[in-house]
Amino acid sequence: MTPILTFIPKLSMSAPAVPVSDAIISPNLSWAGLILLLPLVSLVLCGLCAAMRVKSKLPAVITAASLAGAFVTSVFLYLNYEPPGEVIPLLDWMNLTWGEGRFESFTANFSLYIDSLSLLWIMFVTGLGTLITIYASEYMEPDLGKGYSRFFAGVSVFLFAMAALVLSDNLLMLYLGWEGVGFASYWLIGYYFERPAAVAAAKKAFIVNRIGDLGLALAIYLIWTTFGTVQYDELSTIFAAGSMNPEFEGWTTSAIPFLLMLAAFGKSAQLPLYVWLPDAMEGPTPVSALIHAATMVTAGIYLIARTYQFFLLEPVSLHVIAWVGGLTALLAATIGMAQHDIKRIMAYSTVSQLGYMFLGLGVLTTYGAAYHVFTHAFFKALLFLTCGAIMHGFAGQLDLRKISGLRHMKGWRITAWTMLIGCLALAGFPLTSGFFSKDAILAEAFVTQGPGFEILGWMAIFTAGLTAYYTFRVWFRVCAGPASFEPGDEQHDDHGGAFHPHAPRFAINMVLVLLAVGSLVAAVPYFMSNQADDRLVGGWVADMVHDSPARGGIPGFSETHAVHAIADSHEAAAHAGEAAHPTLFGMDPHAAMYWISGTVGIVGLLLAAWLHLWRRSAADAIKAWLYSQFWIAWLPRAMERKWYVDEFYHAVIRAPLWILGHIFYVFDRFIIDGVCVDGIARIPRGVARWLQPLQAGAVQSLAVVMAGGAAIILLLMALFMQFGWFGGQV
Amino acid sequence: MDPILPYIATAVGAIGLLIVLSARTAPVRGVGGLIGLAGLAWLFVLAGSLPDGIQDAVEEGFFLVFALMAVASAVQMISQRRPVYAALFFVLVVLSVCGVLVMLEAFFMAFALVIVYAGAILITYMFVLMLAQQATDTEHIGEIPQYDRESRDPRAAVLVAAMFMATVVAAAFTGLGDLTPAGDAQARLQADAALLRSLPKQVERLAAKSNGFTLNTDLASSLRVEGDELVLAGTNADGGAATILLSSPGNTSHVGWSLVASFPASLELAGVILLMAMFGAVVLARRQVEHAEQELAEAIGAGRGGYGESQEVDE
Amino acid sequence: MLGVLLMVVPLVGAVAIALSPSRAAKGIALVATLAGLGIAILAAIDFSDWGTGGWGLEYNLPLLPAMGISLALGADSVSMLLMLLTTLLMPLAILGSWTAVSDRLREYYGWLLLLSTAMIGVFLARDLLVFYICFEFTLVPMYFLIAIYGSTNRAWASLKFFIYTFLGSLFALAGFLYVAWANAEHAGAWSFAIPDLVHFASTGLTTGEQGWILLALMAGFAVKIPLFPVHTWLPLAHTEAPTAGSVLLAGVLLKLGTYGLFRFVLPMVPAAVVEWAPFMGVLAIIGILYAALICWVQTDVKKLVAYSSVSHLGFCVLGLLALNPLGLQGSVLYMINHGLSTGALFFLIGMMYERYHTRDMGTIGGLGSKMPVWSFFMVFFVLASVGLPGLNGFVSEFLCLLGTFAAGGTGAYPGVLGPWFAAAAALGMVFAAMYLLLMVGKIVFGSLREPSGVHSDLPADLNAREILVLVPLAIGCVVLGVQPDFVMHAIEGSIADTLASYPTAVTDATEILVGRGGMP
Amino acid sequence: MSLLASEAFSQASLAHAILLSGALLSIGIAGFLSRRNLIVMFLCTELMFQAVIVAMVAFGRWYWDFSGQVFVIFILTVAAAEAALALALVVLLYRRRSTLDAEVWTELRE
């Protein structure tokens, strides 16, 4: 497919592949700080609204305005951006120098690092943020007086933290954003704090994220002790100086990627640490859409993309990422199939799609991962918002068995049709944005050599089929079929009579339509011509990723150097010439992938249609059969119970720690305090009691003691006179 | 002579004493007594081997007899059930001590002891004993009160006693070596001369006894020791230089002279002590009338001053 | 002159309270402490040696020239900051317990003011005896505050607190006296001035002697910090202490231990510190993880925060033992930050206690809906102590851990700790999130649970006075979180001086312990 | 003229005297500490006086210094005074509790 559309002028710039290291320090761009400042301002204003108990929708307006401003600023920033990227110092935070040596200074300030990768991220973060805030302004109406401003304050904090994370020029400010985003998700998941489930989910989210943050913190320490700096530009100069650098040997350089990976898995809910994301659905739906689908969960991918050079040092880490991503995708997809709550299904689908993105990172196509992030943000946000609209309309009803035939109901047509677009994109229906982005990843899985990447590729394709199945299972159950519904349990304003669902009004519909258009348009960048380098394929997103440290993962660059040991610098290897292209079924892997994933997508769709549209009874029959067969009954039950992962964590980590805590507490109170401290305190009293009888008051006992004492003294003196001190003759 | 032997002897003596004190029946006490005395005798034998050995067997013999008699009666005294017998045994102790004093040529003190101690002090004890032993009612006459029958646990007491004995034994066997003895007769005469010189009046009285002898004034030169005689120089009636012979004073005069010469103040003090003792005894022993238990408690509780102000209560 | 004034003003206040009727006690106490704060700020402004490690507020009144003892006061930037923290917490403590105490008022405020003098005395002391006397004297007021104004079994708690700490500091006295004696032997003349003793100890004493002195001083300061095995008095003392007592105990008294380490142990016995640093580091780490897990299972809120202080100060000690500027910067910042955030937490718990007279998380919960302002502050300060970046907890915790991490022998100050120490301690960050969020989840969020039949004349949510107490602390947390630079530059000088004797002492000692350059 | 003035008073005989006085002293102490009858206790003190007298005279003889014997006189006065007062007290105690048992008096306890 030759690139067809080249209409965005900016892309016509052509510049040599300049190493990113000498980013221009340009303080004149300090207006870029607005992206950070505006959310802060809206946070303060929403806080004031909360203090003044504002009843109107003012907080929503403030937040929407500030996010729109941030979005416009980021677009402007993108428009006059030159490839090597700029460092914009804003405010001093920590800089300590106690010597002139390499490891005797530590600087980490609030300053922005604008390069294509961060611009790509900040644009879709702020863009989606604005849309979702508008959606939330209507969605949160029931809580107008009660928690409205607190909600929007939370959204502003989230956006500030996400911006700080994405735009920061050093790992410490990234860490600030990282924890800030975790805190914001704690704040927003726990929005309905009366509900214990929400509070528990919020706590779980924050703690699991904190485990990820622990990994990031240790990575930062290691990086500073090994490289002496945490600034991106300084790090890239070190990397640009080639890999033969004294700092690179030793166990630290191989530990850093694994710690960064731990952080990414924590934040982007991958296999070991994904348990918090499904529970995070306790929060209001706009939160799930904004944070747990589009922006926050992609932070993990951004981190790995930003620090990709570390991963290139250690090829094993890339293989681990690929496998973890692939396995998570499969696992989440299987769980997603067995759930009934549409928001939980979407949550598991997010985990699964993130698995894809990590697979992309693992198989050296940062471009594929980034592009999938870009498209996924749109259609997943769209799907979440449609679920939100349904939940909002049907008084909290989320069970797909209780609602069907939405497209026939009056006022719900927009929701149904936008949901269809979203489902198509998610399922990877040919020519949709999801299709192109997923294929970019799947193809690379077959191109790059690595341990078991072939199996990973076929597993990913099978997962794509499952994705198509469970997506359309939702759509056919909810939107297609006979129109019938049962209201949910949140009957807060049942003004008598039968409950009739209130369809979403203009704000929600407008946002849904915009997002639907967005997810369709998201396919376009794939077809833009690649300016940065003629060998590039992948359109605009590839250009954006190309100018960033994540360059190593651009198709056309990737297949050569990952395989060889990191003997020579990866710059040289890239130009050494193309190794033979491995082919798949005789065709170029990308082209082949179009056909394979297309067919798999359609097969999944038809399966879902057959089971959930035409022959719903058949679905129930199969399910009953599965449960009846003892040898297979465990499988559906396990899938429905989410493979017992939560119970596993509880049994392996939480319960032992809780018992250990009690043991320590008992140990502390009785052994250390009781035995040691009080024990020692009891010694004097014991000795006193032992000597007490001597003072019993009987005259003669007193006399005996007195005389005895005198006698002993005299005797000792006499004996010493005679025998001298210890046998020495006097 | 192994230096540890005396301590073993002391231990034997102590064990003997322990048996005597804690035994119930007479024969066992007897055996204990024998063991104790055996220990003591062994000690005396060991002491015999000290330098200069035993000068005069006879004298030492008598000394030994008196010593053993003293110790035996002392043991009897503390082990006797009846206090009166204890007092009587104490008289025996005093007598045997006087014997010892005689052997040590302290004749005056021996007899003083008999008179004062055995005579006066013991009689007071007997008197008080008789007073305090009245049986509360007739059928108890002759019965030994409980506090006399059993002594307090003697183990600790005997142990302390043994320790004191060990100290004395240690001193006796090691410490005496570096004490300088009194020296021979000549030195003793010189000491007598020095004593007489410090008593001029006494010398004049002696001089006046021999008729017609006048003393020249300077005693220091005139009183001399020649050979083993004490000589006093002076002028006799007819103006010629003459010396008279002073007999070395006997024990009593020695004691008297040194008492007056070196301890005049203490003598007065002794008198005062005796006076005070008499007053004390009189004040303390004034006829007190029985107090009811409650008044007594109240008196102690209220703490109204000393013991003296008790009210007279009719019989 | 200002130094003496700082110590005298609270005394004058105490005397004034003694003379005036008990109604006026509160007012006088507040005026005295605010005056103290004013003087402290004045002193800070005209203190010229920020960042250079120089000494200001000099004052010297020879008391016993023969023995070289004099009332010598002086403050470098670290002492100045800690003194500012003390003078800030004092008025807040008095304001915080405005309605908490109703009987024996004069005595209560009198003891508080005496405590303030003693604390300032410790930070300003330049003479060993003055330091020790003030260090000891802090026990007396705190004992009476807990014994008289505490809750149920206050007698036992105060007794244990007093004897435990006192016994420990006796060993410290022994150590000090030995150094003073050795100095007198060496120099011929007795002198208790700290600079002389520090200089002599670090150069004149053999490693063996230094080892013993380290043991003695640690006995005194470890109890105060408190370090792991000797911490059992803290939860008891905290749960029984009145609000103001708890705040000052957590806010300042625990810092005396770490200040003691910073001012005496580190500079005085460098060779021994290097030798024992790994052992003490292990103790600190055990303290962090052990106390954190205990916090997690607590039901009494105050005991939970008390154990959290044990855990947090483990980081502070670890920072000190890293023996490099990063670690020390982190630990000095930690002393200040912990004072602010934990002090505020105790205020909040006190306010809740005044309203509901219970601290058991089982009987009370979900106050978010009923007391929104209180909940906001509670969540804010919990996040400050959890170490959320942007607030003060994070900066100090990060620097301490980075210092410990870097103390693996790479920088100019090759330390003796290393990555494994820091990794184990970093686990404490996760545990901190667990127990603090659990506490917030129970008390602030969830459905409202209130003990029945509890009457309190205070309004349901915070009144103006209580907010006035919390706002300065909140501002402090934010400012120190976003702009820690001005503090870090301020204490650079004195940290360099403290570590002056380390590069040499460290290199030969670390040969034994850690292979050159390699990670342990 | 001393009737039986034996020329020398050897160290052994001095030792004998001292041992005798030690024996008497220790028996006195044993008696004082074990017998519960107040009067017998005081008798034991008298016995201890005897021991001292023997020692005094023995050393007096050894040094040929009569202050030893003079001192015995003072011992006698003290013994007499002590006997008088002690017995007065014993009488009082007897009147108070009509028993001579030493164990009865335990009010001295703290």
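Every chain is named by a letter (A, B, C and D) in the order it is written, and numbering of its residues begins at 1.
Here, contacts are C-beta pairs under 8 Å (C-beta built on N, C-alpha and C of every residue); 3 or more make two chains touch, one makes a residue touch a chain.
Since we're looking at a predicted model, the values are computed, not measured.
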Distance-to-centre winner among chains (Cα means, whole assembly as reference): C
Approximate Å spacing (C-alpha centroids) for the pair chain B, chain C: 75
Distance from the mean Cα position of chain B to that of chain A, given in whole angstrom: 106
Chain B-chain D separation of Cα centroids, rounded to whole Å: 6
Separation of chain C from chain D, taking each centre as the mean of its C-alpha atoms, in whole Å: 70
For chain B, residues contacting two or more additional chains: 152, 156-157, 160, 164, 167, 171, 173
Contacts with two or more other chains, residues of chain A listed in rising order: 700, 704, 707
Shared interface positions of chain C, touching two or more other chains: none
Set of all touching chain pairs, with the criterion as stated earlier: A-B, A-C, A-D, B-D
Chain D partner contacts - residues on chain A that touch it in the complex: 695-700, 702-704, 707
Footprint of chain B on chain D - complex, ascending: 1-37, 39-40, 42-44, 46-47, 50, 53-54, 57-58, 60-67, 69-70, 72-74, 76-85, 87-92, 94-95, 98-103
Of all residues in chain B, those that touch chain A in their complex: 3, 152, 156-157, 159-160, 163-164, 166-167, 170-171, 173-175
Residue numbers on chain D that touch chain A, as the complex places them: 29, 32-34, 36, 102-103, 105-110
For the chain B and chain D complex, residues of the former touching the latter: 13-14, 17, 21, 40, 43-44, 47-56, 59-60, 63-64, 67, 70-71, 74-75, 77-78, 83, 86-87, 90, 93-94, 97, 100-101, 104-109, 112-113, 116-117, 120-121, 124-125, 128-129, 131-132, 136, 145-148, 150-154, 156-158, 160-162, 164-165, 167-169, 171-173, 176-177, 179, 181-185, 187-188, 191, 247-248, 250-251, 254-255, 257-259, 262-263, 266, 270, 273-274, 276-278, 280-281, 284-285, 288, 290
